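Both complexes shown next keep subunit A, but they swap its partner, so subunit B is in the first and subunit C is in the second.
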Partner chain A sequence: MSTVTKQPRKAEKAEEKAPATVFEPSILAFACNWCSYAGADLAGVSRLQYPPNVKLIRVMCSGRVSPIFVLEAFKKGADGVIITGCHIGDCHYQDGNVKAETMFKKLAEVLRVLGVEPERLRLEWISASEGQRFATIMTEFTEKVRKLGPLLSPEQIKAQETGPAESSDLKELVRETGVYQCIECGKCTGGCLMARFNPQVSPRLAMKNFFVSYFSHKQPLKLLSMDEVWYCLTCETCHYHCPAGVDFAKFIVWLRSEAIKLGKTGTPTHGGVMHAMMEFQALGLKQNRLDWVDSSAQVDEKSDTMYYVGCLPYFEPIFTETGAHPLAMARNTLKILNALGIKPSVYEGEVCCGHDLYWTGNIEGFKKLAALNLENIQKTGVKRIIFSCPECFYTYKILYPQFFKTVEVETVHMMQLLDEKIKKGELKLGRLEGKFTFQDPCRLGRLLAIYDEPRRVLKSVKGLDLQCMEEIRKESICCGSTHWVSCSSYTKQLQKYRLGQAVDTGASTLLTACPKCQIHLSCAAKDLKTKMKIQDYTEIIVQAMEQA
Partner chain B sequence: MSIQLQATKKQDPPDEETPRIGVFICHCGANIAGFVNVEEAAKYASSLPDVAFVQKNLYTCSETGLREIKTAIKEHKLNRVLVASCTPRTHEPLFKSTCQEAGLNRYLFELVNIREQCSWVHMQDPVRATEKAKQLIRMGVARVALLEPRQEITVEVTRKALVIGGGVAGISAALSIAASNIPVILVEREKELGGLLRDVNKLYPTLGAASELVDEHVKKLQKAPLIKVMTRAKVLNVSGFIGNYKVQIDSAGEQIEDTVGVIVVATGARIMIPNGMYGYDGKNVVMQTELERRLKDGSFSARSVVMIQCVGARVPEREYCSRICCMTAIKNAILIRETYPETEIFVVYRDIQTFGTLYEEDYRRARELGVGFLRYGLAKLPAVDEGGVTVYDELLGKNVRIPYELLVLSAPLVAPEGVTELSKMLKVPLDANGFYLEAHAKLRPVEFATDGVYLCGCARWPCDIGDAVYQGRGSAARALIPLRKGKVYAEPLYAEVNPNVCRDCRRCVESCPYSAITTVEETVHGYQRTVSKVNPVLCKGCGACSVLCPTGAIGMKHYDNTLIMAMIGKAF
Partner chain C sequence: MAACSDHPNIECLTYSAVREVSGNAGDFTVTVAKRPRYINESLCTGCGECTEKCPGKVPDEFNLGLAKRKSIFFHFAQAVPRIPVIDPTACLMLTKGKCGVCQKKCGAGAIDFKQTEQLVKARVGTIVVATGFDIYDASLATEYGFGRIKNVLSSLQYERLISASGPSGGHLNKPSDGKPAHKIAYVLCVGSRDITSNNYCSALCCMYAAKDAMLAREHDAGSESFVFYTDTRCSGKGFWQYFEKARSEYGVNFIRGRVSRITEDHSGNPVMWYEDTKQRRAKTLTADMVILANAIVPAFGTDKLAAMLGIELDKFGFIATNSFSPTDTNRDGIFVAGCVGGPRDIAEAVAHASAAAARAAETVTREAAVPAIGNRG
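Here is the complex of A and B:
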């Protein structure tokens, strides 16, 4: 019904040919109630004309504009988004606009990496008396965005409207995850990491509730509270404890996909930005995900080995305030690979592996990302993919084959590669004094049984004193969040407990091998004011390399 | 326990009814209809989901228009109303009340602005203006369908005030409040009332005795039975919020607890002691207060006096001007020249700040009386030796040495002891210099952002008595609004924490400009947890905390993410 004409934007092409018809961009403006909205009113009263491309949403304060609003606007068809508020010093709520500015900077960085031109997002201060300024800015902004052309093509927008996800065959699922086999022994609940801190959590009861709902009411979710569906960390500890081999975590993925169909999602952390950013990558825009590659790093576009980076370039701007440095992992990985004589390719067309969307039951979203990645592998013809992120590794290795015809490609995690190369004496490591302890990532550990490699790798650094926490390997404790939902006082207690175990070893640094372990544990350490240093293990390896 | 769910698709209204939305589109004469095809917009509106009724009005805000809304609500059993007309800034309250009169909760109403932000600004392009009006209505419908009924929040106000600080500002505030028949507790930490004025001799610009002024104030206090004065007293603890502050006070060992509706902060200032500066020794090199004491008791005898201004003021560590020192120096210089005409006086200054007509007059008079003024700059500070001050005169371009028998240092007023403690207790901010920070320098100068807490006098920044008095009275006038109403109302647009997903990180607590969020400990199924809680009375609904919360625990009443996301979803 809109008269707006849109030209499709080719995913891989930067410049656009001038469209024949005049392109009418869609602009969404957020205006604070006290200044900018009043400024817009004054423009009206003064009959100051500006293009009708601009639509306004009134919010109480510019500081109320959550990044998710902006991401959602761009996803749904905005070609430009402008946030307006009172001038600094004039905020009706003291300093809401200062908060908006801080948020804006982070958001702009995420959007830039996503491939949204920075000019499409704007922040302006417009007072209640600046009607002319409002009209001028809106006109200018519309013209600027007009020149940029559409962000998404109508097809790209349409493609997001997925119909109801196909219902997985329940019988198949029940068989696959083994829930039928449950003998109600309760060992899952006894071992469940969440149940330790949240007395209402019980995987056994959840299954029971499911069965009764399904068989007596024909509605699988009827008796389940949404907590039961969303608290689970999918750490798979219960699976490991279960004598009947029930895979509860997999089963919960299915329950979640059913819950989503009913419109009941869990509470996403970080304002939902994480999931939105992942879904955004599936739109096929040309991302800017390789800016972090130092000029000294050796990469080779034609290499048959690819380094799969994952979401690190996105985590970086969002989580620096926790003290985590997700991108350091990527830089270090390249350094190590180069030292091993490997010049991998890093690929701008890479998208998120889809791990988090899968575990939150967004199977369609997961499949879109997986398909894009698999297509890329085929296109580039790589033979081997090296992963630094355990979750990406697990997703490629285990989940992709469950949904797609497997692509002929070797997948290796850095820990495996390092282990092999160090054994062969191909990596020279120097001395590094210090007491450390190591956090098993659940995807690498419990889900893939890679326990010995990290220990061998770390112990090969002379002088490095590796201490064991009380619960390790299969018994290892989760970092607190696997897929950005349900972060709470319960997960904080879990993290406190884990950090306590780390402190008890006498180590000064807790080494992580998963970017999320690093982020969540850093966040908790900061919250709890723990002295324990959280560091990615690749930093230690690089330091040891430099000592050689 | 149940996690508050964020509906991605559609949230059922709490009354379990499906929304029946009435859409009223205003012509505003030709103001809207001249540029927007109202007919077409109305047809479009009726095609939207959940819309049960659509009507075009010539003037929706007219008697007829309002009557039509009321009739339609009843006849068509509407449970949501959307008006597409002009700016909500003027007409929203009117339409809300109309809904209320028809028995519909006033928060089940939404206004879409198709005049100021559509017809009036897209006059050249009626086709696209109409298109935009339709889109705005579509967005509004998406929002109004999800709205929930709400009740305005009312809080009873305890008719009693606490004034902290018994200087002229605090006394003035207490007297003004009591004059409205409201009891006041006045807490002074020293033995006597009067504050800084206890150390002052005569007053500019009147030259009356400071002690007289203090006595006069104290007498008035004694005659005010509603004021309970507590000296040598300390506020130990404050909790609660506007209308209901629980306060704990210790007065000379005796502890009392009471409830007050408002709190006025009048804790004044103290003089910075210039230890280690310009040979300060309290004997031949003294502060202005010591000079005032000597003038008062007659022990002054010096035949040459030099005063150095801005000692420790307007320097990088203390950038502000203390405002009273120039006047104090000029006052004392005049007094000396008049009483001891043979005494030579030099004022060594950086800039003379004598604002207003009376003070400028004094400055002129001091010059007439032969007081010497010598300017110095920060680049070359005066050098003091025993018996002389050497000043680099920029005009002469050389050093000038002036002998003295008494050297008087004008040191600035600084924040008194205990401000940090008190500011934490009251949850109000301090500026970089430790003075209390008002809500807005121009718009709300005598109150804090936190409702129910006010400030006046030197607690805010250095001021003279006149300022202290009218700020005291001003803060009292502001405090009397809730005290006399006996009630405060708050719009039900507040933040709410879902305790099941709060991890006690306190980002929200630190970021709320109104100190509306506190942490509470609770036990749920035997599990102890600490979570944040919003006081809906104090919360102003800015929404900053909800954006900052890392776990997504904070929802905004009436402006929740779901509502805004629904609008975004329908914007394109």
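Here is the complex of A and C:
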């Protein structure tokens, strides 16, 4: 009997699958507890029909919807995401929906750059009495997404799955980082910029604890679950201080990669959206990352010199309210390159260099992005890549060759290029009055020992008075975060301390050379209401070029 | 030193440099360049009248820049022989061709601006290299701000400050404003036990830091002393007791932790950033004056000298010796004494020099020579 009933069921299923021409989108809806969810309830009790494609998640407020929720939903296979909340003015928590709206605007822009059609994300206000409205919007949205088709192919979704985590070789780690040579002098902790403000931080103790737990219990589990693993800024101050040559930052990366295998991720800043965004780029969607290149800029797609822009187009919408303009760095760099007679290519297929994923211990994610970038380099056949971001430069120059042995491309940072060209007299700079001070980025400074070039470049501008802060060059102080992890009251204190040093020089403007320094210090300057202006050095160079 | 120069069998060639060495054990010919003092040594009485009237003023090397000296000067108070020297880079007569005040003042008429370098050839049976050491240039360790922060001094500068014959008459005054320093910190292992500079222990610093700290407490009972150490390396008879005495009787604060960096606060006082590894806390300490215990490094020119003598250096640049024959170089008839062979304290250096002298005597009195154990050419 049972076999008889099963047969037609199978047949039915086969029939359902046969006309697969109709695409059934997967829609995720976030509904606020107080209005929209009640609205959905009303639609239900009123027997109003809306497509079953919509999966509803109740949240306490639309303001609770973090951008990472949306990005994760798209990554995991959602074709459309709709956020619903109370009408403006009706929020149960006064202004949660206003926050949701601000977030939505930024996120929509980021998604557009990432290559997700704007129609796939929607924000709607639906009150508890608007059951009909709920049903109509859901139907309408589903149809729209149906027309757009799937966002990711099943292969793309499957490719994100990672295999079982391999256990790392501890002997290899000990040899590479030299942690075993530690003489416990405490020079790392004394110099650690985080330890200045956070008494829990101690690189020396982290290493000691690791060995104690590893060799007595054969499992560094206790340490891996501690916050200590995530406090590190990876600014490498300790590595430079260490008399035994221990590469603590590398050790921390290893610890983090192990912690990730155990499912621990620390506390990423901005709700983890940065890392999700970088992982999103590895999916292979066609991005819209070159909108900023205006008609006045000269680019040549066939040039053998490439300008690697990095994540600046993503940072721009997210950080405009801090007063930072990361994209201005890209525009100015192109202007300077053009003035030098270089017409570089800018590549649409470029993805994030993977710097932040590497330093947060997500080695797999880093490798995926790196492989994509290296493939692109081979495809375009460029001979030289010019970088404006020190982090991208460091990643290409140092990290890529560590993982992939065949990187045959010349890497140049703008500071090196400018220094060389100014020496040869190929760039004419005019006069620019003002008192400035310069923030050494850790990737350009401590990690690559490029200290003199920025100073020579800035001093070549006539009238520019370059003042020195108390701790510069090797002793320079980090802007507070290098890879979007653990922004806390301690990092704010660090930024306040640094800005205080900048104010002490009597300078009116603090010049930065890294988009993160600019973003973080601008954010701190805004919070602290200091008059110190934070500016990217390329702006000064462009201004001086215009004066010539 | 004076006894040495007065000895009938010892000829002292001061203010000189070795130019060439040839020959073998038992018969070396050494060419020594006697640099011009611009003073006739046989006429000079060492009265010092010339040094008082000289108008030139340049930083004094012996006081490590803490005081000024004249262009014609004695290197230091007990210099042997007591004959002054004219600094050819500072003297107005030698640089610009005018002045000559010393010549006018010299009653003996010993000033001779036309003196030139003289080459002296000496035939010797054996050579003992005892050219000493230099201290590590602490300005290379940029994190300590030496040369940038006025109140950060080197250990030798401190020795001159605390010396009664020094530039401040033995008073510990801050170089920034001349006011007495009450809170003094001593930072050990500056440039030693560090793979970025010198990867060996300088051996003396723990002990002399304890001595320095005690001296400061003796000089001013109201002062405070802080010694930052990596490990207390007090190996030797009575050394640990001495160290303990500093702690218990003199109240010197010993803090285990290497100082990470030194910054300057608004009033010009150095601020030390360190971890107190016993309390497991990152801390800061503001002191009036910081003394850096610079590493002992091979003396400038040791490499050139070694090339001239045909002897080997070790990987740190000191002259290479064998553990079983600590005074012997790889060449027969050439011996080492003191810090040119590696960091040594005074007692050890004296014993080492005595051993070298005995080994040298063996070479010249061939009959007594016994083959040494270890490396010999």
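The rule we apply is simple: the second predicted complex is superposed on the first by the 522 of 548 C-alpha atoms of A that agree within 3 Å, B and C clash if a C-alpha of one lies under 4 Å from a C-alpha of the other, contacts with A are read in each partner's own complex, and residues count from 1 in each chain.
One rule holds for everything that comes next: a contact is a pair of C-beta atoms (placed from the backbone, for glycine too) under 8 Å apart; a residue touches a chain by one contact, two chains touch by 3 or more.
All values reported here derive from a predicted model rather than from experimental measurement.
A.B. asks: Kindly say whether there is room for both subunit B and subunit C on subunit A in the superposition, answering fit or clash.
C.D. replies: In the superposition, subunit B and subunit C stay clear of each other.
A.B. asks: At the CA centre of subunit A, how far apart in angle are the CA centres of subunit B and subunit C, to the nearest 10 degrees?
C.D. replies: Superposed on A, the angle at subunit A reads 120 degrees.
A.B. asks: For A:Lys187, select first, second, both or neither according to whether it touches subunit B, subunit C, the two together, or no partner.
C.D. replies: After superposition on chain A, A:Lys187 lies in contact with subunit C alone.
A.B. asks: With the two structures laid over each other on chain A, which partner does A:Glu72 touch: subunit B (first), subunit C (second), both, or neither?
C.D. replies: In the superposed model, A:Glu72 contacts subunit B only, not subunit C.
A.B. asks: Quick one: is A:Pro199 in contact with subunit B, with subunit C, with both, or with neither? Answer first, second, both or neither.
C.D. replies: Touch partners of A:Pro199: subunit B and subunit C.
A.B. asks: Considering only touches as defined above, state whether A:Arg289 meets subunit B (first), subunit C (second), both or neither.
C.D. replies: Once the two structures are laid over each other on A, A:Arg289 reaches no partner at all.
A.B. asks: I want to verify the contact counts: of subunit B and subunit C, which reaches more residues of subunit A?
C.D. replies: B
A.B. asks: Where does A:His275 make contact in the superposed view: on subunit B (first), on subunit C (second), on both, or on neither?
C.D. replies: neither
A.B. asks: Examine A:Gly96 and indicate which partner it touches, taking first as subunit B and second as subunit C; both and neither are also allowed.
C.D. replies: The answer is first: A:Gly96 touches subunit B but not subunit C.
A.B. asks: Kindly classify A:Thr267 by the partners it touches after superposition: subunit B alone (first), subunit C alone (second), both, or neither?
C.D. replies: The first partner, subunit B, only.
A.B. asks: Once the two complexes are aligned on their shared chain, state how close subunit B comes to subunit C by Cα atoms, in whole Å.
C.D. replies: Superposed on chain A, the two chains' closest C-alpha atoms are separated by 9 Å.
A.B. asks: Going by the contact definition given at the top, which residues of subunit A touch subunit B in one complex and subunit C in the other?
C.D. replies: 199
A.B. asks: Which of the residues in subunit A come into contact with subunit C in the complex?
C.D. replies: Subunit A residues touching subunit C: 183-192, 195-196, 199, 201-202, 204-205, 241, 243-245, 470-471, 473-475.
A.B. asks: Show me the residue ranges of subunit C that touch subunit A in the complex, using the header's touch definition.
C.D. replies: Spelled out, the residues of subunit C in touch with subunit A are 142-143, 189, 193-196, 230-231, 256-261, 263-264, 273-277, 280-283.
A.B. asks: So in the complex, which bits of subunit B are touching subunit A?
C.D. replies: Residues of subunit B touching subunit A: 1-11, 44, 87-89, 113, 115-118, 120-125, 127-129, 131-132, 134-136, 139, 439, 449, 493, 498-505, 511, 513, 525-527, 529-531, 540-544, 546-553, 556, 559, 561, 564-565, 567-569, 571-572.
A.B. asks: Given the complex with subunit B, which residues does subunit A contribute to the contact?
C.D. replies: 1-3, 26, 28, 37-38, 40-41, 43-45, 47-52, 55-61, 63-69, 72-73, 76-78, 92-96, 99, 103, 135, 157, 197-200, 225-227, 230, 260, 263-272, 486-492, 523, 527
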